[in-house]
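Below: one structure, written as structure tokens.
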Amino acid sequence: MLVHERAVRFEEIDAAGIVFFPRFLNYCHDAMEALFAPLDGGYVRLVTERHIGLPTVHVEADYRSPLRYGDVARIEVTIPHVGSRSFTLHYRFARAADGLPVAEVKHIVATTDLTAMRAVPIPNDVRAVLERHRAPPS
Amino acid sequence: MLVHERAVRFEEIDAAGIVFFPRFLNYCHDAMEALFAPLDGGYVRLVTERHIGLPTVHVEADYRSPLRYGDVARIEVTIPHVGSRSFTLHYRFARAADGLPVAEVKHIVATTDLTAMRAVPIPNDVRAVLERHRAPPS
Amino acid sequence: MLVHERAVRFEEIDAAGIVFFPRFLNYCHDAMEALFAPLDGGYVRLVTERHIGLPTVHVEADYRSPLRYGDVARIEVTIPHVGSRSFTLHYRFARAADGLPVAEVKHIVATTDLTAMRAVPIPNDVRAVLERHRAPPS
Amino acid sequence: MLVHERAVRFEEIDAAGIVFFPRFLNYCHDAMEALFAPLDGGYVRLVTERHIGLPTVHVEADYRSPLRYGDVARIEVTIPHVGSRSFTLHYRFARAADGLPVAEVKHIVATTDLTAMRAVPIPNDVRAVLERHRAPPS
């Protein structure tokens, strides 16, 4: 399990005064990048030099409590499933200050050759990172 | 069914060269606002004067094909379910130029008193708009 | 002079309840894209096929009055100066409902080969569009 | 002088493959928030509890070199001028890896009562923070 913390940013608030719901998926992407930091060159090199990306094929999110400016999101990431060309990430969001449950997201991505835009087998170093965090949803 | 078209914007592209996946939910919110344009004062007045918002409680998205800069998304919105304090929207995304299926999103929102942050019964005028688009997913 | 209108979007509000100040430059970019719509294939083709972009080299903005959710920005675009490899755009923002002055932006961009990231002479069709809107700041 | 480092985020790239120019101002806002971290409750409490905000009245930016995904921006913040109800921030951007000059931004903000949307004298604790970083542009 990776734990990723991120403060709500000033501009992530919507006209209803809470974090705009799509931005939770931005937070997931941040957490996913943090997960792949151990790769040589990190997620950046995977995308920009190896031209392998992780386009989303499916996402499911349950929102329990809003986040506001001033909150810090605490995100626990686990990998409940690894296939041959795709894998599943699970993110559990809580408010860092008091542990209030905020949201849960299930996220399936496909390892994809960004030039051909075609799914490819999960590279070995990516798989190794995934195995390290392999666990049912926290 | 409401049909909402929206061009991909220059800044909606990510480092992999495609529309960043969370932004599909921004597009959904745009389409939802368009759906509620017939309300007196539209979605804006609902939020800013009546202090009723539509926070998301659940979202499920399937991504089939990426969108790129230059594409126009054609989004068909239907309302498959209306409850007492929440309702479901369904969005079918296609690429406007050729009808290529792009994504499908199921989106459940709760009519919420934004001051108390508590679910409230769906107001009558909101319900009337929903009934007009009531249909199974297109 | 081109006139471009754009409603404030739900997610463009910041934690202070007004349009986040950097987003005024997003509005400028939208207006600039609208200005270049008469090009064959528009701004999209300029960037994606001809690989010519318009990176900003200088921007100056004066903010007079905030925009809020529910406002529509009315943006008047003129071209006060055209050089050999760069040109200046001027944007005057007003609130569409009542004409309240909102902001003024001066924006200098360089016609740039995006592959080499090097300034290139302004293409003839781009120059023709600019000449059509050539005028001192409105 | 405050030094603030921030990695370019995956979704900050535009269709031309570089950081979208308005986002440099987002980076400035981040750096400004970091500057005010020493306030009791930080910038968050200033805005959300004391209802004092720092709307921008003027901004000037010079862009010298683009930022790309994978770059880290190193931002040096100084305060060249403090008035009675407004002050000036100066941000010097470089690419952290090699010090390449990237941009310079001059940013004038007014201490503002967010309820009345009226400029107010700079609070003493805010002024104390500003004095600590008082210096001509770095």
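Each chain carries a letter (A, B, C and D) given by its place in the written order, and its residues are counted from 1.
Simple rule for what comes next: a residue touches a chain if its C-beta (ideal position, glycine included) is under 8 Å from a C-beta of that chain, and two chains touch if they have at least 3 such contacts.
Bear in mind the structure is a predicted one, so any value in this text is a computation, not a measurement.
Two chain pairs, C-D and A-D, are weighed by contacting C-beta pairs, with C-D ahead.
Look at where the CA atoms of chain A average out and do the same for chain C: the two points lie 34 Å apart.
Averaged C-alpha coordinates put the centre of chain A at 28 Å from the centre of chain D.
Rounded to whole angstrom, the centroid-to-centroid distance between chain C and chain D, based on C-alpha atoms, equals 23 Å.
Residues of chain C in contact with two or more other chains: 10-11, 15-17, 20, 22, 26, 29, 47-48, 69.
Taken chain by chain, the contacts link every pair, so each chain touches all the others.
Put simply, chain D touches chain A in their complex at residues 9-11, 26, 29-30, 33, 43-45, 47-48, 68-70.
The residues of chain B lying in touch with chain D in their complex are 10-11, 13-17, 20, 22, 69.
For chain B in complex with chain A, the touching residues are 15-18, 20-26, 29, 47-48, 53, 55-63, 66, 114, 117.
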